[in-house]
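Once you scroll down, you'll see the structures, which are given as structure tokens.
Here chain A shows up in two complexes: once beside chain B, once beside chain C.
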Partner chain A sequence: MIQIAASPVTDGIMTVLQVDTLLYIGLGILVGMLVGAFPGVTATMAVALASGFTLTLEPIQGLAVLLTIYVAAQFGDRVPAILINTPGTPASISTTFDGYPLALKGQAGLALTTSAFGSAFGMLFGILILAVAAVPLSEFARQFGPPEMFALVVFGLTMMVGVSSGRVLKGLAAGAFGLLLATVGRDPITGDARFTLNVLELNGGVPFIPVIIGFFGVAEVLNQILTRRRHLHHVKPVTQLGQWMPGRKLMQRLFKPMGIGAVTGSVVGLVPAVGGDIAGIIAWDNARKVSKHPEEFGKGSLEGLTAGDTSSTATLGGSVTTTMALGVPGDSVMAVMIGSMMIWGIQPGPSLFSSRPDLVSSLVTIMLIATILTLGLSLLRMRGMVKLLELPSHYLWVIILIFCMVGTYSINNSVFDVFMMMIFGAVGLFMLRFGFPAGPAVLGLILGPLAEANLRRALITDGWASVFTSPIALVLLAISVAALVVPPLRVQLKRRKAVGAGADQAKVSS
Partner chain B sequence: MKTLLKSLAVGTAGLLALTGCASGSNGSSEADFPAQDIRLTVPWAAGGSGDLTARTIAPLLEKELGVEVIVENKPGANGSVAYNWLKDQKPDGYNLSMMGVEVATLQFQDYDIDPSNYAPIGQGLAGPGAIAVPVDSPYKSLKDLVADAKANPGKVTYSSPGVGSVWDSPAQGLQELAGIELTSVPFDGSAPAVAAAAAGDVDFSIDAIGTQKNQVDAGKLRYLAMLTEERDPKNPDVPTAKEEGIDLQNASWVGIMAPAGTPEEVVSKLSDAMGKAVEDAEYKKVIEGSNLVPTFKDAEAMKAFLDEEADRYGPWIKLAQGK
Partner chain C sequence: MNDHTATGPPAGLNPTDPEQDHAEAHIHPASEVLVTDRAHRLRELVPAAVTIGLGVLVLVLAQGIRSGVRVELGPPFWPTMLAWSLIVFGVLQVGVNVLRGVSRANLPDPLSGWGIGRMLLTAVILVGYLLLWNVLQFWLITFAACVALTALYGGRGWRPLLVFPAIVTALLHFLFVVALRVNL
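And now, the complex of A and B:
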């Protein structure tokens, strides 16, 4: 019995411990740390781009690349946040609160190392959640038929409020736009063409990876080009790095914020569609409340730095768990990864872990190796990263745009996809300039077809009765209603406070 | 001056190279085929069984033909993106595409795909079908299922990989032959459709034997009847639908085709090479490993088969759309 139970686990580990898979992990680390360190290039975009190149790999190798990029980007993005007060990816927004003040105080080296330790701790904690909770959660999720899936996706759609960055009405408008895009293509039940405008390619629906690359990559670059003047007075990178390793006494002081960050991040990570940016800010605020030195927060507190960084990486384990076990993206990076996995024949969702029991241990092994190697690399080579930031932004823009196009074309060898990317880049620019968050639109585009198809499947089998006789579906729908009717006011308040503190901090430092 | 000379030289060399290439492809008679690399397009995304077939057969074709066979994915819109692209290529045998039953069936779903625009090269594999029920289903035989569906019209549900697909259509055939009315619950592809039956969300699954195999092995599904002429040698205890009084057979398949107008000599050369590749032990190992059956039909048989498939599926798809 033990033999039978143990074999998928060891199988899963062994698939990862192959020379070629390890090489792909190494590749992922390099790419991830680089994109993390480039402000403006998010982990979402890097994974979306890389997925175009990894589709022809074996699933485990492909996952090794994509997951490792995801993991490594969480380390790399701290560097510019600490050194030039610019988050490398949104997940390190909270890093800027205390990291940059520390750097100004000549403690950049210490900030970089404690940040890396905190990130690694958060990652390991999240991986533990994945290893422990994935199978039980997926056993529960096996009871999810079309009615339950519909209710779950509705709950996922309510996250549009959460990813609206406080702009709820504009967020919902963007979400509705995403849902509208999701109706393009062949009807999932009858096969009739809808809004295809006689464009052959649109029969397959609006391709979401080009849309994501357009929204996040192209729109961001275009926006930076347009607002260039504002950045003329670029803050000079801090070259004085100071002390590197934290002392033992300091480490002991950091255990509490690390613990707070790990728990906060894991819980936030399990919730679909919410990522490290929000988790970092919430944990930063939680740590401040229980700290003996709350006055240091925002002025260069190592506690605040580690709490935020631990939390934003701890979301990864939870995100991966949710994504794999429920088939609902845990955050925007996982939303992109779901697309790749489906092409590899891995269908994230309730039946995944029963059909592929070895996958959990493979995922855990990939993430463990990636975390440990990235931590090592971070401690060794942080100094080299600083050089890359000195690249003038107009070179960066061109590089990013070329990568966007090559990456998009390579998904399907399709020029149509490149056009879609550029169109949605322009749409994304419009949204960015007028304050419409792109997150809800992507959420709508990805979850819309799932909601529609599952609802209609449920209606075919037993009408509305099939939805309202399912306890799971009812509970989920009730939670969804609560999420909308009782807006998370407290979270909003906390975030506003945190952002306010960050802004004050920026004012003080400039 | 030096740079001018240099660029002139480079330009002339380039022109020479270009004309060389042009005369190479124009001048080659069908007898020299193949004189250059062959492009084999896959109308599906990388990773599926059709893609796997292309990547397995390409090196074997290279061995037979002595030129490179480059596999390229052009997925989109049920394969019609690649099929449309192939239609517009020069019919010289250097541009080929994998094909599935959609070449015959897309025309019934408002797609601009006409089988007569293509010259089939051959078939590479078949995925014979089966009807399977959840293990705890009350149906012990296909007769039970049919009897229940007769008593409760429209109450018995099945999962299909999508309207007009290779497995939704034979379900229409089943209803027609048995005189029953079933309810189709379409999913987005075979994997989720079979999983839904395994979870008991629908009453039965109609799909390829090999696709259902994982769930049968996992103890979630039970084969009720095979949609084959003879009993499946790997499942000798499961009767065929024909034995149960329903004369229904269906199999998914993958083949290779060229644009219409490709010279017969070229088609038969390609077809011969494909026949040898399908017989190759390496090919058989990969295809059988994915629970499919290596099967070869030559160009002529394939052309007739394609027309038969269109005749068979057309009414079924009309039936499904009429609902």
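And now, the complex of A and C:
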């Protein structure tokens, strides 16, 4: 009999290899693939919905469901991007660039399988980043005191605001709104009641899972209901799949764009709040620059397709790393997941891996199993997936709305929570219609107590000097300011250049 | 993940038009063109006013926070700081989005009269569903709510109006009542 020495690594792996956890991974894969395949249902929405009924599970089982949904959605969302030119989730925007043109050329099958191989390659690369970087990063972050922790929260919030292109001010307002929501309840230092409006249930604060479900589930569906036309022309999916598996020569040719995608996605993924959609587009552009056939990009290039898909999935490892090691969510899905983890008693942040050293290997194992199984499922030639794309959206709306209601109730058996969810669904709809991104608001709600307690502690100790004399805090705050100021300045410069070019053209033509 | 909660092609892109260069549209978006007509500028006053109004409301409410413990930087400190931030962001929104204009990419999809009616009826059905939760059997009201919502969204015939609600109800009953033992 082989004796396996007990260590946090083996403990973490063995926890995942339990039969019930594996079953939950299977469930997560099915849900994630379906979620990805339906345009209009984002991974954030699915994870928010699932968080309602995974709270009763053991933490590792619940994490297995949520993480697997996230992983599998990264594969499923490529299907509508390739067959109907509509990304299943934002992460597959770059898939549409070459995926749909390939499908129109009769190469949909090849596009689907090479995309799956690229996505799996990117995912494995990202998992490697998680395995290698998570513990050193958290050990570095353990040196952080109150000023650095406050700066870290500001950094996370501003990164999420900064990527809300063109909506920086509204993103900041949304972040401040989220931080304000977090002040409802008891003061973190003195315990005094704040903004509870004499409502007993609010003494414990605004419950964040109902808020998350309201923002990402109800608000999104209501917006679709508001804007979808009565007699909408339904886009017919491409049904001729053509050749299915790629040959060895083709795979060898695709290795370079996959490498470009993996490196780009990993770097982008480590920046909090910048996700797969941006990484995919950057990698697609990088691959085009170094390709021998740049003219094919955007017209049906398998290189472009795999570069974008590899990159968008490679971000996931980095995103999980920053979330777990720093407590700053890598993207909005991870922000939702932090909410669930806090209810399970897992507090992501610098001290997580020292108190739960087995967790890194558990996360790596969950993501590895999910990637391999989802790749296998994606390589099956499934005609049913094409049929699913023809399903009218009203079925989805009913399922999502009813699940939002029942799922929210099931958290605490509380009708108050369901009312909160509906109120925040309406607030989320207002935000969506008027351009306020929901991500910073959720992040503010989750990180608010951390930001407030650390800022007040730092100020009580040595005033603002404690923040501005810490090199780490200063670097984080400087990056935060740059993330907010540089993108609008670049847009302004581009706009001026365009106006200048237009004036020059007008002079020449006159 | 960039917080585009809505999926689908960005403004100006037609998913059914294969000739359109989607990649170029994303890398060099037309979003940098500003919309400056009066209707859109007036519309942008709404979020700015709400931001400022919320800030003022919090400032007023923060005055009423009573603390039993005398500490430096007490409970009103942080909400007051956030309220002032909101007021500043609201004023800046007026300067940037109202006076200068808003990017085309940041305009929402247009509303339809049919959509507004459908959304209001959805709200009525969901509130009714919630209020009847502890009055009638869970499976009965869930089935009725599914039928009502499906009919509202255009489902016609026995399959959308009978089979689909029955499947959803059975699934919810199994998942929440049987598997998770939620008291419904």
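The rule we apply is simple: the second predicted complex is superposed on the first by the 460 of 510 C-alpha atoms of A that agree within 3 Å, B and C clash if a C-alpha of one lies under 4 Å from a C-alpha of the other, contacts with A are read in each partner's own complex, and residues count from 1 in each chain.
Simple rule for what comes next: a contact is a pair of C-beta atoms (placed from the backbone, for glycine too) under 8 Å apart; a residue touches a chain by one contact, two chains touch by 3 or more.
Note that the structure is predicted; figures quoted are calculated from it, not measured.
*Asks:* Considering only the touch criterion stated at the top, classify A:413 as touching first (chain B), second (chain C), both, or neither.
*Replies:* After superposition on chain A, A:413 lies in contact with both partners, chain B and chain C.
*Asks:* Is A:460 contacted by the first partner chain B, the second partner chain C, both or neither?
*Replies:* In the superposition, A:460 touches chain B and chain C alike.
*Asks:* Answer with first, second, both or neither: which of chain B and chain C does A:380 touch in the superposed model?
*Replies:* neither
*Asks:* Considering only the touch criterion stated at the top, classify A:173 as touching first (chain B), second (chain C), both, or neither.
*Replies:* second
*Asks:* Once the two complexes are aligned on chain A, which partner has more residues of chain A within touching range, chain B or chain C?
*Replies:* Tallying touched residues of chain A, the top partner is C.
*Asks:* Does the superposition put A:344 against chain B (first), chain C (second), both, or neither?
*Replies:* The first partner, chain B, only.
*Asks:* If we overlay the two complexes on their shared chain A, which of chain B and chain C does A:395 touch? Say first, second, both or neither.
*Replies:* Only chain C; A:395 stays clear of chain B.
*Asks:* May I ask you to decide whether A:284 touches chain B, chain C, both, or neither, giving the answer as first, second, both or neither?
*Replies:* second
*Asks:* Just checking: does A:223 make contact with chain B only, chain C only, both, or neither of them? Give me first, second, both or neither.
*Replies:* Second partner only.
*Asks:* Output check: A:56 vs chain B and chain C. Expected answer is one of first, second, both, neither. What do you get?
*Replies:* both
*Asks:* Can you list the residues of chain A that meet both chain B and chain C?
*Replies:* 56, 189-190, 193, 413, 460
*Asks:* Given the complex with chain C, which residues does chain A contribute to the contact?
*Replies:* 39-40, 42-45, 53, 56, 84-91, 93-94, 96-98, 100-101, 104, 160, 163-167, 169-170, 172-173, 176-177, 179-180, 183, 187, 189-190, 192-195, 216, 219-220, 222-230, 233, 235, 273-278, 281, 284-285, 297-298, 304, 319, 331-333, 392-395, 397-399, 401-403, 405-406, 409-410, 413, 415, 418-419, 422, 430, 432-440, 452, 455-456, 459-460, 491, 494-495, 498
*Asks:* Would you tell me which residues of chain A are touching chain B in their complex?
*Replies:* Its residues touching chain B are 55-56, 59, 142, 145-146, 186, 188-191, 193, 200-204, 343-345, 347, 349-351, 354-355, 412-414, 416, 453, 457, 460-461.
*Asks:* Can you list the chain C residues touching chain A in their complex?
*Replies:* 1-9, 15-16, 18, 21-24, 26-27, 31-32, 34, 46-47, 50-51, 54, 58, 61, 65-69, 71-79, 82-83, 85-86, 89-90, 92-93, 96-97, 102-103, 105-106, 108-112, 114-116, 118-119, 122, 126-127, 129-130, 133-134, 142, 145-146, 149-150, 153-155, 160, 164-165, 168, 172, 175-176, 180, 182-184
*Asks:* Show which residues of chain B lie in contact with chain A when the two form their complex.
*Replies:* Chain B reaches chain A through residues 45-48, 72-78, 80-81, 84, 109-112, 157, 162-164, 183-188, 191-192, 195-196, 198-202, 214, 218, 321.
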